[in-house]
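The structure appears below as structure tokens.
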Amino acid sequence: MNFASDNVTPFCPEILAALTQEGKDNAPAYGGDDISQQLDTAFSQLFDTDVKVIPVATGTAANCISLSALVSPYGGVICHHEAHINEDESTGVAFFTGGAKLLPMDGPTAKIEADALDRFIAGQANRGVHSVAPECVAITQASELGTVYSVEEAHAIGDVCKKHGLRLFMDGARFANAVAHLGCHPADITWKAGVDAISFGATKNGAMAVDAIVLFDNNLKTRVEQARKRSGHLHSKHRYLATQLLAYVKNDVWLKNAGHANDAATVLADILCQHGATLAHPSDGNELFVHLDTDLAEKLRAAGVQFHPWPSLGSTVYRFVAAWSTDIAQVHELNARIS
Amino acid sequence: MNFASDNVTPFCPEILAALTQEGKDNAPAYGGDDISQQLDTAFSQLFDTDVKVIPVATGTAANCISLSALVSPYGGVICHHEAHINEDESTGVAFFTGGAKLLPMDGPTAKIEADALDRFIAGQANRGVHSVAPECVAITQASELGTVYSVEEAHAIGDVCKKHGLRLFMDGARFANAVAHLGCHPADITWKAGVDAISFGATKNGAMAVDAIVLFDNNLKTRVEQARKRSGHLHSKHRYLATQLLAYVKNDVWLKNAGHANDAATVLADILCQHGATLAHPSDGNELFVHLDTDLAEKLRAAGVQFHPWPSLGSTVYRFVAAWSTDIAQVHELNARIS
Amino acid sequence: MNFASDNVTPFCPEILAALTQEGKDNAPAYGGDDISQQLDTAFSQLFDTDVKVIPVATGTAANCISLSALVSPYGGVICHHEAHINEDESTGVAFFTGGAKLLPMDGPTAKIEADALDRFIAGQANRGVHSVAPECVAITQASELGTVYSVEEAHAIGDVCKKHGLRLFMDGARFANAVAHLGCHPADITWKAGVDAISFGATKNGAMAVDAIVLFDNNLKTRVEQARKRSGHLHSKHRYLATQLLAYVKNDVWLKNAGHANDAATVLADILCQHGATLAHPSDGNELFVHLDTDLAEKLRAAGVQFHPWPSLGSTVYRFVAAWSTDIAQVHELNARIS
Amino acid sequence: MNFASDNVTPFCPEILAALTQEGKDNAPAYGGDDISQQLDTAFSQLFDTDVKVIPVATGTAANCISLSALVSPYGGVICHHEAHINEDESTGVAFFTGGAKLLPMDGPTAKIEADALDRFIAGQANRGVHSVAPECVAITQASELGTVYSVEEAHAIGDVCKKHGLRLFMDGARFANAVAHLGCHPADITWKAGVDAISFGATKNGAMAVDAIVLFDNNLKTRVEQARKRSGHLHSKHRYLATQLLAYVKNDVWLKNAGHANDAATVLADILCQHGATLAHPSDGNELFVHLDTDLAEKLRAAGVQFHPWPSLGSTVYRFVAAWSTDIAQVHELNARIS
């Protein structure tokens, strides 16, 4: 069983069916097609407000292109130290923004706390052009350590941003897992909380290769579209990005997939804990961070289970990621196999 | 019939079959999978030399990432005025290279002539740091006006580059059409002619979304891979880029598709000319540029034919692009319908 | 006699006196000092409108920093082919703007004509994100070929910019020579003509190292100041930039110097023409472009006169640049020495 | 008395004399003049090895241009959290390098310790293209907190860099103060310790506006000169940068000035301590960081003394900076005035 990541998974049947269907006829390029034209409406319904949707093939592109429209080349982006944009996207943010600086801060389980954010902003150097002024806050929902901002926490972050006149961006690579966990409306933790733009992840949760930039501020659209084009992220056969996205949100496939992944993680957590593992911290989504003793780690490996050590949380901590495609029955069987 | 572009086409059955097959199991992310690992070997065989293959989803990405490894931020890239990188990729080259400048030159039917190139290079300002020194030449094969560099012409360009110590890049968005037209080995017009890197197009010729950066100089690999990552073009489910590419080159699908498109263009050209159209210049691949009188243009439109005016060649010139999926029987029927 | 350029000259006595005077006491850094605080007022008086002044040490910095506030990273800057920003500033514009593209056009004697500009703008590709949209026009006053836009010509250019919603920038490396030639008020050819920002040159005309970015649109100030800082152009001992500038505009030193240079050029032109030279085109400022036969060119060289060939105007054309420090008596003596 | 910074000072008499002398005749522009041509030789003698010297007007330019030649756009620069490049140069490093990331680390009194550096490098994420690999270490000598790396410490840092294959850059804005403090040869703490390039500061220590990029690796020259040009830092009247620099190093003016500043700081420290202040940490150069009680701080202010609070070291800590121009007799008098 492969718990190495949720990006080791294939794409889901609904998306295959849609791509197969769409792989037959001609259609205008670069988003002029009927499928692509449905995106804004579909996502406006999903978010219960007027949004603009700009799809790209990767999460890094979605994050960095969004940020390039939210900050000046000389501005700062506050994020958590563990943030994907800080730890896993090379120098992408500086590249796309023309030099903006990440201003990383701490917080438990990879989440930024509103009070701490307020103090962090207040504590930033304010020496005019000499220092870098924060212009945007970027949070990850669900976080890189598998935790989820509650509706209240998201609003509190948004309030701090508003207080200081900062933009708020959400890296939603696992947004579906967060919504499935919270059982809230997608609006509750996004625009209602003051989020200006979100990268709405699909790739990890059942798509082949598509994440959507969803803009709650229509003024950002031109800059985002220009940035997408010049960075080579405007697909000529744009409809296949759109096809994936529409199949992903139709009939709540996105929530079904994410709910499944979250459930699988819960089942796995129970089994691991029954065998002596302990959670490094509670898991809200599809990612587990657990202490394993050497013995258990070896047993799992012997049983063909794949997972990664997570040294930043300690030498005995490992990450397990469940996904939309995880076979829960097989997870249950694992219990017997490692007993 | 849609001759607006070859990017209005869907993807071909061989690629759908391969994606469907690959859409079932887990596999390592970011190119660590078995499919991705086959790329270098498959393309080394195809090109009959040791190459490195870095796939991306768009031609703009393939072109601009390649160029970012071939020129300094303060260098110049010589290209034809009509080049896609000059006319259709926004400010992509400057963005990826950190500021390198396109140095456009003229030439008949969007091709650079070796002698003219030699003179153009000699005529470039040479005032040390004040002026921009050319560091690379970029040619498009087949060209943006549907013409193809012969083996001899490609070698002549390569010789001029070598003489002046410049890199040579090939935008191969329609490379398959060029090879199918020439009936040559892919090596004959690439590394044997001095080409350092090529963007090997697949999207227009039957893929869903993949073009491959093929490096004939292995030293470029690190910079290209770093540039791909930081620009958000490294797909997590990398195997689906690889799957498309392998299906594209297996059993010469790429040549079969391109040959079909070229043939369809020839058939269409004959029919149009029978009805009084004249070619703006001979067509070597799947693109036609033809003079149409108003009457014929209207008849074609009335018959449901889609095509674009091409004002840069004159107010009566139109472009027709045939593709791998063009129904040649239907083209023949067109003859009757517009008679 | 050195007519190679006006940047071979030393700095003028008024500036030496001011620097000497200011080289004694302590003063706040980075523009907080009393001298620097006088700049906005002094230049607002000079231009008869409220302006913001941001001094830098070079013309390239003044031009490129200004443009970075006037165009998007994906925008275009229309300029003449001969423009300094196109021919002599390496890849500076792309570097400072984050990738904006120069869109060079032609025009007699390095000047852009309003009608041609109007047609050029209309003829620019307009394919949304694919092509580069012009956002700014940059003209050089006096031009790189020593000619000057009349008040009417400047207004006509400004009207075309307004019509198309484009910004207007003026490279004023030799602005003083233009004003001295026209005998107009500085306002007449700048903000009254629709100019948004100007690089107000001083270095070539008597300063040691300072050109001023003068903003007629106060909204540009923040971006310009941020760009200046991050590009290393904010001097800690800012007052010495300010000192040079204030001494330069006090008592009309700038116009006196430029008038002298223009007069010297006229005298030189007369003498050269008496000896058989012909002007390539009429000279409006301190630069002459003249046809010399081999004999006369040799005589001048033998007489110790320094000047440059100017091959872009023809193989027999040479440039002579007079300056604030040119000894006119010595120019007259030249007449005898080459007779 | 103004102890706010050393950049509140004017320029020194030797430099005024040299500029006055040089402000008379014509000379080739852009470094082609005789004065500029002497720089390499003068600094090769000073450093006792073959160096290349590229002067610019500011320390930020010297630092950022140097780093742009030392790291890739996707690379990392390790520096101390307090480093000027991290705290005081806006987003300059990212701008000049095309996106390279600062990787700040801690260390006592703004100095990096070799052992800690070794561990820091080992602890950096190493996930291929996903994470940012350190390519260069930047140290400041004297540091931003007025401390100096000993010869042994500098060599130890250099050894760690060599071990890991990293470049070593030295921000020498106050290099003179460090050399004066150590009494060593300039070579001992630069190229002999493995430093590849240094920004050799002059502005704070008696110049008007010049810092020199000194390259110990000649291969860096082209990139540095290109970066200087495109960033607008190549002065047309280059000789005035060179004039300042030559006057600065001639007759050891640089060491005389720095020694004076260091001495003045020592005198001031003694007096402040006599009045109850305590040093936050020992001072090695011309900067003091001292705890003052409210009473003493007020007395000093009442006596007309200017200085800055330094909250990062604590709410009762203040910085005093002595300079080449500090009147030591006046400092002694201060003793009486605050008694």
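A few comments on the model shown:
Residue numbering begins at 1 within each chain, and the chains themselves are lettered A, B, C and D in the order written.
Everything that follows uses one rule, which is that contacts are C-beta pairs under 8 Å (C-beta built on N, C-alpha and C of every residue); 3 or more make two chains touch, one makes a residue touch a chain.
The model shown is predicted, which means the values in this text are computed figures rather than measured ones.
In this assembly, B is the chain whose CA centroid lies farthest from the centroid of chain D.
In terms of their C-alpha centroids, the spacing between chain C and chain D amounts to 34 Å. Between chain B and chain D, the centres computed from C-alpha atoms are 51 Å apart.
Between chain A and chain D, the centres computed from C-alpha atoms are 43 Å apart. Among the residues of chain A, those in touch with two or more other chains are 30, 73-74, 89-91, 95, 98-99, 129-130, 226, 229-230, 234. If you sketch which chains touch which, every chain touches every other chain without exception.
The part of chain B that touches chain D in the complex is made up of residues 30, 72-74, 98-99, 129-130, 223, 225-230, 234. Residue ranges on chain B touching chain C, taken from their complex, read 73-75, 87-91, 94-95, 98-102, 125, 127, 129-132.
By the touch criterion given at the top, residues 2, 4-5, 7-11, 16, 19-20, 22-30, 56-65, 89-92, 95-96, 203-204, 208-209, 226, 229-237, 240-241, 325 of chain C touch chain D in their complex.
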